[in-house]
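Both complexes below contain subunit A, partnered by subunit B and then by subunit C.
Moving on, here comes the complex of A and B:
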């Protein structure tokens, strides 16, 4: 009798636990789906607006069902500086990523492998370049660039984009190099390779995922930057962010084209983000969170 | 592989000597460009801002410069609206940081607890997407969706609920800015916290589960203490980046209406290009730069990176 009693007690307890778990699961997914909706709805709205026929983009009540048209995109490509700005951004941001990797990755390697005096202070100094508000940085460069004829040039913008991402690259890559056992290079050196060869042929290939992800994250941070373009360009080197902004500045906003330009800017970055999904936490946390 | 630096009795060619120089001093060559660029982007702007802030008219010729002491600072803080913009900045930074930290953690904890792996990675990928939106594009989305005449959100509130929608851009502009930033950057906190949560040892969680502790106590007493370094780093980096905020506000309200959303960065920009007072702008920039760098360094010194780097 006693056993049956305790059996039924556990059974009802288990039932309790099951219902509780079901409730937890339902609540959990309700919250997560709500947030999913919050994430997706603005993007859906932007994209749908860019695909609506002219004149109906902002009609209320909204046309939930409409015949999508690429009219806005064709307008965008044809009669404005969008293509130039998009290409500008693509070139300037890509060049800055290559440059920041060339400067940052070797330095990160040294910081990882050698005993640097006051290493922590050096690392905090490097991080402090990110603490400087861009507006405070851009003000002197605005004056200097005009003197050096770097104002409104792609080269000038590339240099400024490097300044945003250098600390990120050094920190993330130092963390990645720390995770690569030194025995790898030692083996190569025993085989007669110089230190540089060891770095280039052994360490760099092993650090590929880190380099790839930090490159993409650097790309994104430069791609979304507005202030440098606003202050340091006027015509030749205008980045796509400034082009999008210039829509807002104009008196009668063409909502459809604005939506199309914004959508065109966002889509490639979404693909990039998903591509580095696995290493995103490592990259965004400056290499502090490496394992997942 | 043959050794490239064989000892030879013959005098070395210039190329060989250069190669030796490269190999012998490799760490210096590797560090030099980074250090040079770092000096250029840290010490130079700070020093130049300071110089500009102390003179009457911007000039490159230090000897011809007319030093006016702290007059630009006085102008900035009495008539330049500097104090107001610092208050606005602190309000935005603190509220957005709190909101993003809490939301990011809750979302990370909820996703980490999802049973099926496919659902987990679905949420994980979906939730990072807002980071792809440039602040200035987010501002355009805000202008489109929140516009009191053509915006879908006021329309839905007015027709679908008993409430009357405020004019988001003029009645509650600061709140709108904070919410938009939270939409944009909560993913940043989420993804770092999620990685941190995944690195909490299973045994630690199991042990606390055996104790019969309820879920919230497991978080407060076991998981959050374990994740302290991760939480510290994520909030520190987000704090640093929040002080850089510009695009979303500039695109959404331009600092207005009036000066209701005038961040320090917007104030400096307007002093520069609208009022054409570069030296006053530089004075505000110096104060801003010193305060932000000092604050972040104090936080780093106080909390330290213990348990992060070791």
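Moving on, here comes the complex of A and C:
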């Protein structure tokens, strides 16, 4: 009898455990599904608006079922202004990401590895460039850009994007380098590498996840930048955000075109994300990559 | 292969009043092919001294010579050394094979085929040839350790430097690797500097030990020499596990009056002691004997505080019955001897096993006696080698 009792007790415990696990799974999935819906629904709405026939994009009640058309996209591609702005942004933003990494990553390495006098102050000074709201500095920037003949130039916008992202790159990469043991470079030096070879062949590859993470974040920040583009460009260096914004007129909004242009804007970011995806998980934790 | 000369080397960190002396005027000759172990507690300067030899730190004063060449101004890459780090420092982005060939690519003009051959034979020697395509992250601690050793061996350097290479391994693996490193060093006959804080490693591995404390050289000698003929109280206490027992006392006539017991100094001891009126008596736990009753008359009574049975032996922590403070000392006894806490026993300190130290300087003033054979063997070891 005792055996049967203990058996049934174990069975009921197991049942309890199974039930608990099921409840946890259901709750977890419900939360995730809800969250996915909240995140994805606007994207779905945007994409579906861009595929609706002209004049129906913003109709109320919304057309849930409609015949998709690429009319808006064809209009967009035929608009030389959009193509130019899109290409402008791609070139300017990509160049700015390369430049910000070229400056920021070595700077972060030096701050991580060498005894710099007043290191803390230098770091805070770098961060201070992001402490003011952009709107507060846009006018001085306008004047500086005009004086330096950078107004409405691609180079000017590249420098602008670099200044936006540099502090992020330096701070994140410094933390990343701090997590890479110094003995790696020492091992490389003992192995016959120069200090620079050690940095290039050993430390940089180990820091890849961090570099890709700051690259994608810098890309997104520059890609979606509107305010400085609005003030510092007029024709030549207009970024795509500004062009998209132009669909919002003072009297009417071209919803279909706006949606198509916005959807098109997402594409490069998604491609970039997919390309570097495998490095992101490690990078976004900003933690130690090598166990000691 | 090369001899190494460390000549009056001092290393200070920081400047002015805040500077810390990590290595204090150390001089040392290391013979070609010798296995030298730097041993000391943390902060003793042993790692710093090795890093100075490696060229990873620059000494504040003094010279380092590898072979006949003064290498003070040379970086690590020009010193033809290979180093094994405590955390292995394997390159995480490279495979085992790339890790091992990196140094050859950087420091030699060997062809790709020659490099591959060298890597393969070193990998076979270390029994890691099946891991060549794996990344360090996929390896166990023991395997990483082997790769780190393989990476050093493949370079065929003048000098091996090993900075606590076994301290991240579990006890069993550590014992295995200890033997393996010994075997490798014997086979390759490369001058090796090995840093450890573990006195078991130090005793079992080195041809000679270099005992350091607070950056100062305490003693250089063979493991047995340092164990049986310690230069001072620090070395005597540092080597041996459990540590040597020390009893401070005052000399009155021919007797040392320690806290809890008296010890009659032999004539030899008395002449070594001279006019000192304070002494430290040192005796190892395995040299003391416990009796159930006073047989010879010069034992002293003690109470068992704690018993640590180790199997074949037991460590018994005791307090002299009449002592005024509650410090304990340790005696090693047969594991089969029945003994329990609170029991009263009689402790014998054999004259021949006693060391005496100067309490102020710590310097050894009287060494224990050894059996004739052991004495001769030790004398043989202590002769300067050619």
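As a convention for this text, the second predicted complex is superposed on the first by the 227 of 292 C-alpha atoms of A that agree within 3 Å, B and C clash if a C-alpha of one lies under 4 Å from a C-alpha of the other, contacts with A are read in each partner's own complex, and residues count from 1 in each chain.
Rule of thumb we're sticking to: a contact is a pair of C-beta atoms (placed from the backbone, for glycine too) under 8 Å apart; a residue touches a chain by one contact, two chains touch by 3 or more.
These numbers come from a predicted model, not from an experiment.
Between subunit B and subunit C, the partner in contact with more residues of subunit A is B.
Applying the stated contact rule after C-alpha superposition, one finds that A:206 touches subunit C and leaves subunit B untouched.
After overlaying the two complexes on the shared chain, residue contacts for A:155 are found with neither subunit B nor subunit C.
After overlaying the two complexes on the shared chain, residue contacts for A:181 are found with subunit C alone; subunit B is out of touch.
Using the contact criterion defined above for the overlaid structures, shared-chain residue A:137 touches subunit B, although it does not reach subunit C. Of the two partner chains placed by superposition, A:84 touches none, neither subunit B nor subunit C. Residue contacts after overlaying the shared chain place A:192 against subunit B and subunit C alike. In the superposition on chain A, A:47 makes contact with neither subunit B nor subunit C.
Judged by the document's definition of touching, subunit A residues 191-194, 289, 292 lie at the interface with subunit B and also at the interface with subunit C. Subunit A meets subunit C in the complex at residues 181, 183-184, 186-194, 197, 201-202, 205-206, 208, 289-290, 292.
By the touch rule above, subunit C contacts subunit A in their complex via residues 54-56, 75-77, 81-83, 85-87, 89-94, 102-103, 106-108, 137, 151, 155, 161. The touching residues of subunit A, when paired with subunit B in their complex, are 25, 28-29, 31-32, 35-36, 38-40, 42-43, 45-46, 49, 58, 60-62, 102-104, 106-107, 109-111, 114, 120, 124-137, 139-144, 147, 162-163, 166, 170, 191-196, 220, 223-227, 230-231, 241, 244-245, 247-248, 253, 255, 258-259, 262, 265-266, 269-270, 272-274, 277, 280-282, 284-286, 288-289, 291-292. The residues of subunit B lying in touch with subunit A in their complex are 1-5, 22-23, 26-27, 29-31, 33-35, 37-38, 40-42, 44-46, 48-49, 52, 58, 60, 106-107, 110-111, 113-115, 119, 123-137, 139-141, 143-145, 147, 150, 152, 155, 159, 183, 188, 191-192, 194-196, 198-199, 229-230, 233-234, 237, 240-241, 243-244, 246-247, 250-251, 264-265, 268-269, 272-273, 278, 281-282, 285-286, 288-289, 292-293, 296-297, 300, 305, 308-309.
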